[in-house]
Amino acid sequence: MNAEPVAFLNGSMVPASDARLGVSDAGVVLGAAVSEMTRTFHHRPYRLEEHLDRLFSSLKLTGLEAGLSHAKLTEVSEEVVAHNARFLGPREELALIQFITPGEVPIYARMLNRAPRDGPTVCVHTVPLPFGQWARKMKHGAHLVVPSTRHLPPECIDPHVKCRSRMHYFLADREAQQLDQESSALLLDLHGNVTETTVANFFIVDRGLIVSPSLSGTLPGVSRAVVAELAANLDVAFVERDFRLDHALAADEAWISGTPYCLLPVTRLNRAAIGAGKPGPLFRRILQAWSAAVGLDIERQILDGDGP
Amino acid sequence: MNAEPVAFLNGSMVPASDARLGVSDAGVVLGAAVSEMTRTFHHRPYRLEEHLDRLFSSLKLTGLEAGLSHAKLTEVSEEVVAHNARFLGPREELALIQFITPGEVPIYARMLNRAPRDGPTVCVHTVPLPFGQWARKMKHGAHLVVPSTRHLPPECIDPHVKCRSRMHYFLADREAQQLDQESSALLLDLHGNVTETTVANFFIVDRGLIVSPSLSGTLPGVSRAVVAELAANLDVAFVERDFRLDHALAADEAWISGTPYCLLPVTRLNRAAIGAGKPGPLFRRILQAWSAAVGLDIERQILDGDGP
Amino acid sequence: MNAEPVAFLNGSMVPASDARLGVSDAGVVLGAAVSEMTRTFHHRPYRLEEHLDRLFSSLKLTGLEAGLSHAKLTEVSEEVVAHNARFLGPREELALIQFITPGEVPIYARMLNRAPRDGPTVCVHTVPLPFGQWARKMKHGAHLVVPSTRHLPPECIDPHVKCRSRMHYFLADREAQQLDQESSALLLDLHGNVTETTVANFFIVDRGLIVSPSLSGTLPGVSRAVVAELAANLDVAFVERDFRLDHALAADEAWISGTPYCLLPVTRLNRAAIGAGKPGPLFRRILQAWSAAVGLDIERQILDGDGP
Amino acid sequence: MNAEPVAFLNGSMVPASDARLGVSDAGVVLGAAVSEMTRTFHHRPYRLEEHLDRLFSSLKLTGLEAGLSHAKLTEVSEEVVAHNARFLGPREELALIQFITPGEVPIYARMLNRAPRDGPTVCVHTVPLPFGQWARKMKHGAHLVVPSTRHLPPECIDPHVKCRSRMHYFLADREAQQLDQESSALLLDLHGNVTETTVANFFIVDRGLIVSPSLSGTLPGVSRAVVAELAANLDVAFVERDFRLDHALAADEAWISGTPYCLLPVTRLNRAAIGAGKPGPLFRRILQAWSAAVGLDIERQILDGDGP
Amino acid sequence: MNAEPVAFLNGSMVPASDARLGVSDAGVVLGAAVSEMTRTFHHRPYRLEEHLDRLFSSLKLTGLEAGLSHAKLTEVSEEVVAHNARFLGPREELALIQFITPGEVPIYARMLNRAPRDGPTVCVHTVPLPFGQWARKMKHGAHLVVPSTRHLPPECIDPHVKCRSRMHYFLADREAQQLDQESSALLLDLHGNVTETTVANFFIVDRGLIVSPSLSGTLPGVSRAVVAELAANLDVAFVERDFRLDHALAADEAWISGTPYCLLPVTRLNRAAIGAGKPGPLFRRILQAWSAAVGLDIERQILDGDGP
Amino acid sequence: MNAEPVAFLNGSMVPASDARLGVSDAGVVLGAAVSEMTRTFHHRPYRLEEHLDRLFSSLKLTGLEAGLSHAKLTEVSEEVVAHNARFLGPREELALIQFITPGEVPIYARMLNRAPRDGPTVCVHTVPLPFGQWARKMKHGAHLVVPSTRHLPPECIDPHVKCRSRMHYFLADREAQQLDQESSALLLDLHGNVTETTVANFFIVDRGLIVSPSLSGTLPGVSRAVVAELAANLDVAFVERDFRLDHALAADEAWISGTPYCLLPVTRLNRAAIGAGKPGPLFRRILQAWSAAVGLDIERQILDGDGP
C-alpha cells in the first residue's frame, strides 16, 4: 500500500508525485482534454454519477474515447478517493479530478526517438480542498468583475463540454483581478449576456425569484442542478433566463455555485455592492437546506478551513 | 554531458525524458500556455529571432512573464539545439519548441501537500522533424476540409497570440478527417472568411496574384512573411485580403506555409481539386527560391524523409 | 380526353409536355415563385388542405396573388391528379406540384415584340414518385453533410415562405456531394444552428426524446407536423429546440421528413455514423404508426420502388 | 433564315418564340441559374468580353458548367445579335442575355415519363431595349427606397455571382414601390451598409468625390468599371468605400449605373431630395464622356426612346 | 395658490412657465434622464404606481438617484395633478410627466462662475392631453413606417430603461414621415425583429391571436400590460413572440398602445393596408373593455378632442 | 453692454444666466440635439471653421436645420467669445459651445396652454476652461477603463454626428468610475474594437507608430486631425486601424485628444500601467509641437490651472 496519495494514470495506480504528463501529450501541446471535478462529503464522492455522466457526454460531443467504461471509471475513482482520504484530517475533504486527453501527439513523441504511446491519457487524482481559501468569501461575499474577454461562442466549442482549453479564462481572471484584486471574472457571451464565471455558475435573486442564465451558453453545473432541486423543495421559484450586467447589478442578491464550496454569496460586482452588500437571506436558506441534505454544516466547514 | 537529448525546464537542463509537467501545472489544467516552434536548417535555428519576437509579443498580450530575457532564451535555445543536433543523422533537422505557462495552479499543488512552486513554467525542447510524413503531400498535394467548427473570435483570444488552448483545433481536424481521411482543417472565422489551418497559413493563387487572408484574424506566420519576401524578390504580387471558400475553390493554386516543411501545395479542398489538381508552377517558383535562400533543396529533403 | 398526363397552366389544362415557361417569365428571370408539393396515397392527395394553406400563406407573406381561390386551386389540383393517376401502375403514386410566379417581366416580353401577358403564372402538374430512388436510404439510412453555405437569414426571405430562389440549396448540395457522394446538405443558419436539409425537416433522438429545430428558422413542414401528431399519439416526447452539429453527431438516431417519402432514417452525418449507424427503433415506431394511419406500408412501398 | 428573332437554346438556333423552359428545368424549380446582360451600341455588343468573363467567373464560383467555351459563346452571342438586329429600327438597340442552368431536375423530368435530358441548359436571347422607359428618370432622376429586406449575405451566395435566385429582389422592389410608386429598391447588407439596387450599382458624390460601395458586398458591375475609367480620364477622384443611408441622403448627387441605360441620376431617396433634387453636374460630365467614348448621345437616345 | 399650472422642480413647486433647465444640466448636455408619463382618467392619475415602479426600476438600472422616495414622488405627483386639473375643461385630461437627470455637469456650471448645484434634477409637470390629435387615427387608423434606423441594442442601453437619449427616435420618425407624411416609425432591432414605435408598444392579430414582440427588446409598457389583462378577461389569447415585418404586413389587425390614447388601430404599414385597412373587430373589443374598466368611452373622448 | 457673460439663444443675446431651455424642448424631452465645442487660444477661437463644418455636417446627416448660415453662426460665436473673454483672467481660456435642437415638442408646449414656438432651438454659450481639473492627468496620466456598455452602432446613430443623446456615455463613465474612481470610459464597439472615450479620441503608440481607431466608428475629432498634421510635420508615422483592448494594454504609450486640453497622456488602462506607466516621449514631442504651433505652452497652462 502506498505511503502517499495515489493517482490513476493510463491504467495504473501511481504515487501522486508521479502523476505527470510528458510534454508531448496533447493535453500539454493543445490543451485538448475533457475533465470533471467531484468533491467528497464525509470522504465519499458527492453526486459522482452525475459528474461522470457529464464527463461521458463531454467525450461524446468531442469524439474522444476514454478507453474505460463508466462503471470502471467509477470504480477507479472510488478507489483513489478511498486511498487518499486516509491522508486527510477529520474535517478535511477531497476534490476528485478526472481528465482525459487524446494521448501523445505523434510528432512530439519523436523527442525521445520512440513511437507514440497508443491511446488516450486518462488520469484520476485528488486534491485536499482548501476550505480556508473561501472563508472570507463565504463570510463577506465574493467579488466578480466583467472583463472585456468574452466566453467562447458555441461555434468554436460546445458550452456543454467541460474542457481544458481555457486560456480565455486565464485572460479573463487576469483582467478581473487587475480591476479588483479580490475578484474573479464573470464572463459575458458575444452578445453581452451574462454566462458564468471561470469556475462557477451564476445566480441572481430578483424580488424573491432565483434567476440563472439559460443553459444554451453555460455548463450545466451539477451544483446548479442541486440549487434548482433545493429551491423546488423550498417552494422558491427558479427560472433560467438570459440577462445582462445591469440586471445583475440591480439584483437583490447574487451567488455562485461550484463543486468545492457548493454555494458562495457575491456581494460586489464591478466593485459595486449587490443588494445590501452582504450575503442575502435566500442565499442562507438554500445553503442551510443543502447542509441539511448532506448532513454537514457547509458554511461552518468553510469558515473553519485553513486552506492555502 | 548527457548521452541523450536534453530539454530546458524551469531553469535547468534535464534529460528529454524528464521533460514532464505535473498535473497541477496551469498548462495541463487550463491549457494556459504560449509557445513557438522554430526549425533548423543545417542544424542551426532558422529565423529564431522572429520566432522569439513573436513569443515575447504573445507573452505581452497575455500578461504572462517568462522570467527570462529574450537574450537568455536565445542562448538556452541554441544550447539545446547544439546538444540535441548531435543525435541527428546528416539529413535530419530539428524542430525547436519553447513554451511558457503561468506555473502551478495553487489548489492543484495541494495534491502533494506542499505549497505551489513559484513562477512560470518555461520549457525548451526539440523534436527531430519527420520529413517523410510530408513527402506524399509535397508530391501530390495536401488536402484540406472546412469544418463547421470556427476559429476563435478575437473577443476571446487575440489571433496574434500563439497559444495552446486549441481544443477547437482538435475538434476541427477531427471533423475534417471524418470527411477526408488525409485532410486537415481549414478554419473559417465566425463571418465565413477563410483564416488558417490548425498549423499553417493559407494562400491561394488567383490569376498570378498570391492572396493570403488578412492578419486581423490569423497568426502572423514567420513562414508566411518569408513567402511575402520571396514573392517581392521575384516580382510576384502578394496581397492580404479576406476571401471566402468559393474563391479558394475557384483558385488556380493553393498552398500552406508552416515552420517544419516551409511550404506545401494544396490540391484538394473539400475533396474537390484545386486548379489542375497538382502542385502549381508558382508554388514551385517560390519553393525553389526558398531553397536557394537557405542553400538546401527543401522539396528533396522532404521527399527523401522517412518520418513516422 | 388527353392521352397523356396533363398540367394546368394559366387557366387551361394542357398536355404535360406543353407545360413550359417562356424565358421572360419572372420565375425564370428572377426565380420569383412560391410552390408546394403534395403526394398521393392510394392516388388521392394527402393533406392537400394543409399544403394549400401554406401556399396561400407564402403568397400573403410575399405579396403575390394567385388569381385563384383556395377552393378553385383545390378543384384544379384534384382534377389534375385524377387525370394523371390513370397513367400510373398500381403501386405508383404521384407528387402534385403547384407553383405561382408574378408572371412576365415586362422588358423581357419585348423579346417577341409584344406586350407582356397580364397576371401571374399559375401551374399545377404532377410527377410519378420515384420510390426506388429512396430504397437504399430507407434500408441503410440517408447521409447528410453540413456545407459551409448557410441558410438564408430571415432578413432576406422569410423561412416560412416555400419559394424557388434556391441557388444556395444547389450550392449546398453540391458542396455536400463533393464530401460524400451519397449525401445531401444539412444547412446551418448564420449562427451555426442546425436548420433543415434542402428538401426535408430534420430530427434527432436524444435519450428517447425527439428533437427538431425550432420553426423560427425552418419551413413548418406538413410531414414534420405529422411526426409531432404521431409522437403525441404514441406518448413519445417531441420538442422544438435549436441545437448544433455536435449534438446531432452525438444523437441516438436522426431522421428527415419530406413529402414524397414521409420519413427516412439518417445514418451518416459528415460521414460519421449516427448512433448505431443504422435505422433506429424510434424511427421504426413512428414510420409504422404513419403506415397504419394511411393504410399502407410506407417502408415497403419505397423498398419495392424502381425509381430513376 | 428565320423571319423572326432567334434564340440559342441548348445547342440550336430556334425562333425566339420557342425559347421556353420545361417546368422540370432547375432554372424553374430552384432558380438555379447564372446569367449576363450585355447591350449593343450601333447594334454591336458593348464590352461583351468583360460580360462573358464575369459569366465564366460565376460558373466557376458555383461549379456550374456551360459545356461551351468562352470563344464559342462569344460566337453564338454575336450571331444572335447580328440576326436579331435586323428587326430593329435605326435608333433601337438590343439587350443580349445569356443564362445557364444545371439542366433538368431528374425527379421532375419523370413528369413526361422519360429520362432527364443530360447537361446544362444554355440560352442566349435578345430583347429590344425600351429606352422610353428610362426617359423620365434620365430627365428628372430615378427614385430609390431602402426596404427592410436585406441583401443576401456572402455566407449564402457569393455577391460576385450574377445569379437568378432573386426572390429577395422581388420582395425588396415590392416594398420600395409600396412606399414610392416610382421607386426601386436600394438594398442594405445585414450590417446596414448600402450595397446596390436590384439591377444597378450605386454611386454618390460627396464634395467632388465619386463614392461607390466596396466590391465585397456588390456585383462588380461592368458599367461601374466604365464609370471608374471615365472618372480617371477626367481626373475626378473615384473611391470604393462602404457608407450608410444617412451619408447617401446627405450626398450632393447620386447615380445608378446599369447595362441598358449606362447611367441614370437619382434624385429622390426615401422620397427625400438628393442634393438639389435634379441631375447633377458631375453626372452630366461622366455621361457626356461616355457618350463621346461610344460615339452616340446616350442621354438623347433614352429621352427619344418610346419603350413600354 | 398659483393662478397658473405648477410644476415641481428640484424640491419646490414653481409656476409651469418657470420649469426650465439651465444649459449646464446633464439632461441638456447628455440627454441623460429617465422619465415617465402617466395619464389621468376623471382627473386622477391612472396606474400611477406601476409607472413609478418602472421609474424606480429605470433609476436602479442606470444608477441614478431621485433623492425622493416612491411615496414622496407619488405625493408630489398627485399634488401637481390636483392643482393643474383645475385649469382643465370638463372633458380634458392631463399627462403627468416625471423626469430625473443627474443634475449639473460641473464644467458647464462654470458658465455662471459658480460651483455646480448638488444632486439630481427632479421635475414633475403636466400637459393637457391633445385628444384631437389622435381623432383621425382613432377613426381611420394610424400609419407606421419601418425606417432604416434601428432600435438601440441592449449592449448600449437596457431596453427596459425609459430614458431620454432618443435622438435615434427623432431620426426614425423623420425617416418615416419622409416616406408617409402621416406616419410614425416602427423600429426593428439589429436582427430585423419588430420592436416598438417611438412612443408605443405594437401588437398584431393573427387568426384571433394577439401577438406582441417579446420584452427582451422593448419597454414593458403599462398600457401593454393592460391589454394583456383585458385579453385574459375576455378569453382572447395573448402571446409575446418576436416576429418580422412581413408577418406584420400579413396580419389581420395591428394596434399600438400608449399612455395618452390607450390604444389606436394601425391600418397602414409602409403605406400598405393591414387586413381590411380599417380598425378591426378585436381592436374594438379590447378598447370597449378598457372603456368599461375606467368608466369612460375612450374612443369618444378622443374623437371629440380638439388637440393642437 | 452686459455686465455678465452672455449667450446667444434663439436669435438674441441674453445674459448667460437666462440660457435655459423649457422642459418642452426636444433637447430635454428626447436628447435630440447636435453640438460642438471649440476652445480659445489667446482668447480667440481655435479651428472654429473646422468645428462649424462638422456641426453643419451633423445637421445635414440628421436632417436638422439651424436656421442660420455658417457665416452667421461664425459671427455670433465670435461675438459671444469676444464679450465673454472680458470676464476671464489673463491665463484663462474659454470653451465655446453651440448646440441646436429641433425646438419645442408640440404636445409638451401645451403645458403652458400655448402653441409651440416655431423652429429650432439654437444656443451659443461659453464656459471658462477648468485647466486645473486636468493638471493631475497631464502630469501623471489619465486613467481609462473599458466598461461593458458599448458604443452605439451606426445602425442607430451615425458615429460622425456629434449629438447629445449620450445616456450610454453616462452609463459607461459610471461603470468605469466604479472600477477606478479616477477613470473615464474607453468604449468598445459591438465587435470589441476600441473606439473612443466619452469625450476624446484615443491613440496608442506601438514601436514608434501612432495608431488611432479608424473613423468608421468614431467621431472625426478636430484635435485628432491636428495630431495627424503634427505627426506628419515631425515625420512620425500615423495610421488609422482598428485594434482591440489587449493591443492597447501592450502599447508603449497611450493618449487621448480633446478640445479643452488638446492632448493628455493615458497611463492606466483597466488599472494596469501602459508602457512605463508615465507620460511617454512621443506624447511630449507631439504636445510640444502643438504648443509651438499655437504659441503657448499647453502643458504649463494646464499644470498651472486651478479648475473646479
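Observations on the model:
A, B, C, D, E and F are the chain letters, set down in written order, and residue numbers restart from 1 in every chain.
Note that in this section a contact is a pair of C-beta atoms (placed from the backbone, for glycine too) under 8 Å apart; a residue touches a chain by one contact, two chains touch by 3 or more.
No experiment lies behind these values; they were computed from the predicted model shown.
Counting only chains that touch, the fewest steps needed to get from chain A to chain F is 1.
Look at where the CA atoms of chain B average out and do the same for chain E: the two points lie 59 Å apart. A straight line joining the Cα centres of chain A and chain B is 32 Å long. As a whole-number value, the distance joining the C-alpha centres of chain D and chain F reads 46 Å.
Residue positions 62-63, 148, 150, 153, 155, 171, 192, 246 of chain B each touch two or more of the other chains. All chain pairs in contact, by the document's touch criterion: A-B, A-C, A-E, A-F, B-C, B-D, B-F, C-D, C-E, D-E, D-F, E-F. Residues of chain A touching chain E in their complex: 191-192, 242, 244, 246-247, 249-250. In the complex of the two chains, the chain F residues touching chain D come out as 57, 60-63, 153-155, 158, 216.
Listing the residues of chain F that touch chain A in their complex gives 145-146, 148, 150, 171, 175, 178-180, 188, 192, 245-246, 270-272.
Touching chain B in their complex are the following residues of chain A: 4-5, 7, 16-17, 19-24, 26-33, 62-63, 87, 95, 97, 99, 102, 106-108, 110-113, 115-116, 123, 125-128, 130, 133, 148-153, 155-157, 161, 163-171, 174, 190, 260, 308.
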